[in-house]
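Structure record follows, encoded as structure tokens.
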């Protein structure tokens, strides 16, 4: 071996240590990936894929970093090849030239992911893999290109047409309910009894999206309360001793918690489809429902107040409502979108800001993020497309007269 | 409007007539596709997607051609943009530059297909769409680039990890069995009684791959006979009056018919995985099974004899066996692969040529294509990887001594 | 052994030959039944029960007769014991005395049937057993007491609360559809294509009752056509080339065929519950349905004309309608119930005679039994209870004015 | 109305107060029952049955007592009628006479229960009804005859052939698991985490019998631990921090808890069938299992010691083992059966007393009932029938040499 090769080898091994070390069968994960990509695939492919997934699972975080480094450096696109194929295609846009272009314009790590995905259960592991990757990219931003590829693939695999909406209730399998407890991100579920209180009563519903390849893993779920009138606090909704009503007697469906479950599917949006589907299904089942509304946190309020050096007296309830209204209608990110992430989500879906409430979430988290304030976003079916359009084209925030008045009052105080 | 614009418009309308005409809602499918691609998507996307799919379904073949022409000409890659993005990425391989490259290196028609696929049931329609397209490309080869994109997407969507193997038996839904009758491509099923004879007896099995988004459409299926010893004719296997045996008494599983069901999934290979999975499942269920073998047609035999000006006396059974053996071992395509398509499939899977039989398929089709000869390909579990490797690397055809001897005898006659 | 015992033995063996002969394990079915009844049961009971059921299945008709003879003669009630237990209970109606009475007032063959029923799949076999028995009782009326016991048990086991209503459609398992073809008793199904025509179109429905212990055996099923208006002939309903309508566009549900499937469940009525359940389910699914009506054969018409020496010109359609109306309203059995069995069923359910049609069933069977005439029985929901009550108490036949007028016209002709 | 009738009425109303009072629709439950029994039934029967069940559910305990009093006094057998029918049958054992006898020898309350059972969900309510009744019979023993009838019916309805064995695991519906927590009668389940520890690990199993008419209600369930060797304490089995093993590595299946769930099914034995079925299913799934054994409480030990004025030093472990062994082998009820109810159950099933352990159940309950002692009953497959036979005929208790020796040692101490 030449000196140069030797040197390169040494560098390689340092950089990809962990990914280049042979396992008990004498093959490193890098070699296995190379085998999998070069195999005409199907006969030995599944064995190789399983081997790689098993190896990955056994890796520590440094080894994983090395593995993703390999994907970044060696299984990306090769600009020269792309250039050359593109030139050929430009000169003669034939099928063969297009095929050659396609082959080189897509990085090989995408094909690797597809080949890994042959193994039963692989989809879930690939989603876990991206979860690791997203964590690693914070300190190793050069790995982000791999994430773009995985995200691209997952957006295709987790396309709405492949998802299944399933009710989640007290008859659901315990292993799925277990995950609901863990994944609930808005109003923590403290016990199985707490969970039962959100699933079993006649005036409660929960729905989630599932993917057939990960049937026991919810992707996203929404908790719904069926009420008479629009509620102004989550304490009332989740009170232990509250009186249930019959589902048929409700006129309002309140989406009071929406949680994404899979960190490895970050950036692949399901929430919009979920809400629309649930609205459609509930309307059909319960024709008395007239109002579809959220009871949502305002997670960015206090952070924004701090950042903008504004004051707000947490004991003045009316003041908090004004401040919150003002924030929701006027606080923006640099790109003009609403500052508040939950506002971005619902306004982007075509909802409007319907009402704000003080002392609506008195949990530690609720007090810390918004001094207890919450907001109802209203899904007014006939207006959704129009709201969405205004928001998408002009970033216009639609609000009820009441909220607009509150916001105006806040602005007049400021001046 | 300028004269030029007017002219272009006229040309456009001629070329894309059918795709550019407004429907009863005043929008052409081209406009709808454009809307769907430009929409931030989710709110109105599903309505648009459904509209497009409905419009497509109502089109005649000329309109479909125009639609695919639009996809070819307007929703492909734009070389200039790719060039520019690639240059940026080469200069600075940042995440942002990579993302921009990805966005332009993939033609927009791929994104269109993904957005169409939001609608429940869309997957099946997209598969149907590709079936139409494949038919049209014969006369309109310029459309083939669209097919490459659909095939690329489908290979990802119909990845082995997403497929479900299901037994198909006399308890299966009638609508699926109906399709088995239609899709059987090797030994036609003449009636429901004929079908019952292949599904209900204890010594018969059938398995198919299904995709969760098309649950009532088999993708591929294989029919299996459980026998004592390796059978030498399909008449014996399918005889009405044959004696059944108990499944536990069988030592051999015979794959006597494999049929791809979806013309729109042409080129996406399932057969290999199917056979391997069925071998694994049957081995576990019936430990007495020792031999896994096909009873396969030799569809190219007589065509090859004609093409090579060879003669064969159809009444000389021994001669037919020699000729068939010689053909299977030596007849090649220009690229060195076996001439016979079924041979290519099974040898590529790692099977070997085990035996040839005369008077094994006396149907009109069997007599026409191979003078009634058939072949057993043997899936010898310990040898599969090795056979496959030899075939993949050196296109070496592995055969039993008996078949090799027959082939040699044929060659000696020739000289 | 004494001469008498010997003689008795001989007689016994002659009478119960077949039931008293040892099988290959050296036990006769009589001994096995005795063992099963005397066993404290559970440990060896299931083995014994299976053994008995297997032995029964292998019997020829003479052996079965002997077996039922044994059940008749040896496993019935013993009047002396009943008398004695009843006297004790009358003297002291204690729990213990009641229990003793219960034990002897029920024949041991009922307990035998319950113990046989421990075995998975036994229920179906016991139903088959009663089918055999019903056939044998025609020539051996002394066996009818055994039938009364089985019927009593089956009425309890096949209680409405244990039955499951299931739609039968083109997605149903083929083995169940196979049975629908066989069991259809009103308008024969000639082929799978014929069956498909009754199940697959959007304006056709079929429903059956199933029992969880016999999940692949329909007990009774009804075929329904969704129509606009009330149809007057079965040819129209079953025509191959008819135009389908959307289910939502129908205003009428026509029950055009009801078939009992299990001869062994004769006398256990399901039809009434079935129709009521189907009316309820269809009303909920399709709120546009306003009329629930049958299109029924008149199986007893021509037989009754012959028996009563009446004439009817089969070519005079108006005359046939009058005759049929008269028959339906006036022809009675000795006990005052309608002569026509189908009339008895529907009138007993609370339906009324709505219309009669000539040339409504031109099949050989239809012409033979009623010169092609058919009748609509109307299930007029608000009137069902009242109709039923009038029929149950006064055997009053309710009919529409039109049918009443036809009947009156027929009577005026007669005089 | 005559004075007498009036008097009777008064008495009647006093005795059946609650059952004879009209409800809001003006009918008492007694009148409704009478209607249901006299109706030819099917048309209005289901409405009546539902009405009765609803009325019953709304009753307080006094009203329920009145209702059962009515069933006792008015819907029992009528001796005169039975006598007369029996006399006719004895004189002429015809079918008609037998049918008449059957009709009067069965009390009408049995038919009432069958007619109530038409309503979906009624079976569960009837089981609840018997639960109430069993409670009432303690103070009102005259009602016990009604219980005998319900028990007779339930034994037929809950026949082994109608039951379904289902695994209960962490994928089971939460509402069923909820009931497992409630119904566990041997070793209390303290939380969902405790439950998870008994269901989720690879070396744990749970199985229950279900009836199709009560699909979300377990009838009985057994918890199983898969172990290496026979465990001697329940603390070890249920320890939080124990090491799990792979199911394939286990050689022993330990039935450590069997709980009947339905008080209303008391006296209808499922346990024996359950254990046998589970042994069969586990043997098939896990061929390495060689030993099937219980780890059972000895609930009667300390009570018996007290009753017989025996002493036992709870701190002397060896002494406890001797005492327990002696008790299990020698303590008898008046009728000769074992004094210990759990011993009766397992010995009756054909198990043998395999080992006794001190300090095996240190829960409060375990210490109170048996000073912490437990016992293994061994299900030795080849010996089960023989053990059962010896026990059933001679009440012989089979034990291992070790336990016999312990018992002998105890007896020698006594003398």
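Should a chain be cited, it is by its letter among A, B, C and D, assigned in written order, with residues numbered from 1 in that chain.
Throughout what follows, a contact is a pair of C-beta atoms (placed from the backbone, for glycine too) under 8 Å apart; a residue touches a chain by one contact, two chains touch by 3 or more.
Listed by chain with UniProt protein names: A, B, C, D = Decarboxylase.
Please read these numbers as outputs of a predicted model, since none were measured by experiment.
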Centre to centre, using CA atoms, which chain is the farthest one from subunit D (Decarboxylase)? B
How many Å are there between the centre of subunit B (Decarboxylase) and the centre of subunit D (Decarboxylase), using C-alpha atoms for each centre? 58
Whole-Å gap separating subunit A (Decarboxylase) and subunit D (Decarboxylase), where each centre is the average of the chain's CA atoms: 50
Compute the distance, rounded to whole Å, between the mean C-alpha positions of subunit A (Decarboxylase) and subunit B (Decarboxylase). 36
Where subunit C (Decarboxylase) touches two or more other chains simultaneously, the residues are none
Every touching chain pair, please? A-B, A-D, B-C, C-D
Write out the stretch or stretches of subunit C (Decarboxylase) touching subunit D (Decarboxylase) in their complex. 40, 42-44, 46, 77, 79, 82-83, 86, 89-90, 93, 95, 98-99, 101-102, 105-106, 114, 117-123, 141, 144-145, 148-149, 152-153, 155-157, 159-162, 164, 212-213, 269, 272-273, 276, 348-350, 384-385, 388, 392
Which bits of subunit A (Decarboxylase) are touching subunit D (Decarboxylase) when the two form their complex? 170-175, 177-178, 191-192, 196, 199-200, 216
